[in-house]
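The two complexes that follow have subunit A in common; it is paired with subunit B in the first and with subunit C in the second.
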Partner chain A sequence: MSYRLELLLGAGVILALAGSLLIGPAGLLPAESFAALLSGEGPAGLVMREIRLPRAILGALVGAALGLSGAALQGYLRNPLAEPGLIGVTGAASLGAVIALQTGLAAAFTLGLPLAALAGALAAVLLILALAGPRGAALTLILAGIAISALAGAFTALVLNLSPNPYATYEMVFWMMGSLANRSFTHVWLAAPFVVVGGAVLLSLGRSLDALALGEDAAESMGVRLSRLRLALVLGVASSVGAATAVAGGIGFVGLVVPHLLRRAVGSRPSRLLGASALGGALLVLLADIAVRLILPEKDLKLGVLMAIIGAPLFLHLVYRTRRELG
Partner chain B sequence: MAEAPARVVSMNLCADQYALLLAGPGQLVSVSHVSRDTVASPYAALAAEVPVNHGGAEEIWLLRPDLVLAHEWSDTRVLAILRRLGIDVLQIPVPEAIAEIPDTVRAYGDALGQSATAELLATAFEQRLADLEFRAAALPPGKTATLYGANGYSAGMTGMAGDILRHAGLLPAGGALFAGGSVPLETLVMEAPDMIITGARYAGWSRSEALLDHPVFDALPAARRLSGPAWACGTPRVLDAVEALLAVREAS
Partner chain C sequence: MTLLTLTDLTVRRGDCPVVDGVSFTLGAGEFVGLIGPNGAGKTSLLRGALGLLPHEGHSSVAELPPGPRSRHVAFLPQAREIAWPMQVADLVRLGRHPHDARAKADADAVDRALRRMGLADYAPRLATQLSGGEQARVLIARALAQETPLILADEPVAGLDPAAQIAAARVFADLAGEGHAVLASLHDLGLAARHCTRLLLMDRGRLVADGPPSEVLTPQNLRDVFGITAHFQTGPEGPIFQPLDRVRPQ
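So, the complex of A and B:
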């Protein structure tokens, strides 16, 4: 088996990371930028090290978390519509994060924010799996997802409206649309451990998911313990999506678009799709975050806007195809 | 104005301030609820005794006002209803420069039938302004400053904020900071002003304000100051803001 696809995606991620470091309102030349990044001297050094570097790293982390979670959920539910954003995991993670921030939990102890977002994501994944069942029928999955998303969104808005702070409306836009603007290394350190651990758990599920593609009975006869697979999946998705959402807000569609685009290239093998989707997700979010800065540099265009413009038509296409298959 | 209106209702923070300063005893029936907010309202202490409203047409109508004070940008639908009901609605522009403040004081004085009080206040303001200008002239020139608040918002230097800085002998920072609006953190770092003035925090937590905790601020050489209610609305208290900046600069 050749890993050309993974190598290409990896090279793409490295180029996009470089692009992300080079583009910004400060208008530094590429050579200046890299010199400043290495030296850390002067205002340019601050811009590179404290503003652009954490933004680029977070873009890759968040994208990888979302792409990988999408691929894992789709492999487990054997349904191409399973996506953290669409099925309410992102929304519930946002709710957890907002509660942690508004109650002061996030300020009281360092891991309060990612853990609360993780708890929100965990609740949503468990609820989805309970409602949609192990086979993840398309209709139940999407209906349950809509309900969980709507409920999480409503509670997020309620919590923010109850806040005495006048910036609540801005907050809602962030938690629904996501953004990487003005993030710092504080956010990288908060999210990275959870994304990495969650991601590692999900990547380890590849062989079980391959077996599951043949059906549950076949998988069990091949030695896959379904209850354990399910537990690992739930924790992995909650940990990576929760942490990503806690620092970048609700970025949708990554987990839908990326596995969809890559599925054929990996021969529809869930195990290979996991790694490829992590790379593809990182690439897509980095590119989207570059586009956000190029299209309307002064306006803080939200990442979720761009992702929805890319993702929603694809989703419509999937819905159309699913409908046809259902006959 | 011939006769003083007996029942005055103000439905905007900035109009509230002038009404609180100038109204006679019992004349001011209600002010907006924001006027009690000590972060945003320059004369919040004066508002403690006055009942508050939330700017709804029905709510205002029930107060039976003879005169309603509103902002230029107050909800036009509410104002249209009030006018249709025969209530006088006055929208005196918020001053955009310190020099416009005395005349704004006088305009509110005329509207409230308190011209004599207003004249005293305006004259005292002009005297204090002259003193502060004298102090500012003694300071070394060339230091730059900017406002940078929640969401990276810079008030822009063409209005009152820039005028406050200039009266403290400071040079408004250039570029996007001068133009105002949401300015990326990167732009602020590259512009490297000598002083950054940020807003005071509201209660509760917001990502918008958390921007000001970004570690890059600790690495910047700029001095950081808090703005405050004195900066809001172009009231006579803007001179408190000017004086506070002057005191900092004279001490250093």
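So, the complex of A and C:
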């Protein structure tokens, strides 16, 4: 088995990380940038270490979390249309963030907003596990996810509705569009443990997801413990996507499109798709985050908006390709 | 050697027992056909015996922990699911899931299973692009690659062409000859009569007959359980079974 694809994607991620460190409104030359990054001295050092480096790391973390979660959920549900938002964690994390902005918690201290978003994600997980039951099938998981997403969406709309002043509303709407601008290392240290632990849990599920390609009965008869698999999946996705949403806001399409794009290149094996999608997601988010800085640098173009503008046509193309294959 | 013992196995759907106090043992060297009309409880019996359904009574296999169980028995479910467009060889290799991954041993087992099912040339093809019958054979190969002493198969030959049906039945009979045991639910009584060493006849959840084909496929059983008459004869070409007509329910 050759790992050319993973090596290529890994090289792409490293290049995109370097690109992310080199591009920004400060207009530093590449050599200056790296020298400043290493020395950490002067205003250039501050820009590199406190602004660009955390932004680049967060881009990779968020992208990897979304790509990996999308691949894991698609493998578990055996459905190429599954995406990380499906189990309701994204919506609940957004609700937590919006409440933090509304109540002033976000303004009170740096981590107020992401912590509230994480609390929202945790509430969603507890609710989904209670709703879907300990032994329920995949279908109950989807239904519970839809219900939680709808509820979180309704409460988010309510908060916006009752917002006392237009500025707070602007702030909430912009936050929900998703962005990596103005993030610090505090955000990295908050999100990284959840993304890394959740990601490790998801990566360990590969062989079970492979077996599930033959259906739940066949997988169980081959020794897969379905209830344990589902619990690990929900916790892994919730931990990594909840943390990603908490620091970056809502960024769609990564978890849907990346596994879809890479599936054929890994021979459609769910286990191999996990790692490849983590790398692919990191690459896509890093590139998109570079693009928002280049396209409209003075307008603060939101990452989530650009991702949807790239992602939706990409998805349409995939639909077209699938239709042609079906004849 | 006994490979499966069921004692008073009962599976309920709601309050209604769909498998009702079934007991039998299955030993090495047997290819047993599980027969009975639609809704007789064949699938529930297989799934209950494996522990995939909640049940009462005892099943020696269901009582094993998942790991050892998956190295003792392979199961071929009735629903033929292939979720992703994987290569045939990769799909068959999924049967190696219960074993500690050793690339060489896995590749050999996959190779043997593909060759037994006459699928050696199919290895690089995409399983989802094969016909339904070919997919069924690939999934049988997957169960064979698990290389377990016992195989439970739910309608493994449904939808296969006559040659493939005979070939699959021969594979099961050969496996029995090599010391494995196979329990397969079948609707083709002619195939069951010719190839199985023993038949289990189910009706409304109960095991109503258990023995060699000639003792199970009696006119009375056929009339009472299946509601048919049949021609059944053992001639120079072996046992020949042909259903003839429906019997009007009294």
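The rule is short, and it goes like this: the second predicted complex is superposed on the first by the 240 of 327 C-alpha atoms of A that agree within 3 Å, B and C clash if a C-alpha of one lies under 4 Å from a C-alpha of the other, contacts with A are read in each partner's own complex, and residues count from 1 in each chain.
Following the convention adopted for this analysis, contacts are C-beta pairs under 8 Å (C-beta built on N, C-alpha and C of every residue); 3 or more make two chains touch, one makes a residue touch a chain.
What you see is a predicted model, and the numbers here were worked out from it, not measured in a lab.
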Partner chain in contact with A:Pro164 - subunit B first, subunit C second, else both or neither: first
Partner contacting more residues of subunit A (subunit B vs subunit C): B
Partner chain in contact with A:Gly223 - subunit B first, subunit C second, else both or neither: second
Residues of subunit A at both interfaces, subunit B in one complex, subunit C in the other: none
In the complex, subunit A residues that touch subunit B: 24-26, 43-44, 46-47, 50-52, 101-102, 104, 106-107, 163-168, 170-171, 174, 181-182, 184-186, 297-300
For the subunit B and subunit A complex, residues of the former touching the latter: 150-152, 176, 181-187, 189-190, 192, 202-209, 211, 214-216, 219-220
Touching residues (chain side subunit A, partner subunit C) in the complex: 78, 207, 210-215, 217-218, 220-225, 263-264, 267-270
Residue ranges of subunit C in contact with subunit A within the complex: 47, 50, 52, 66-67, 69-71, 73-77, 79, 81-87, 90-91, 94-95, 97-98, 139, 142, 146
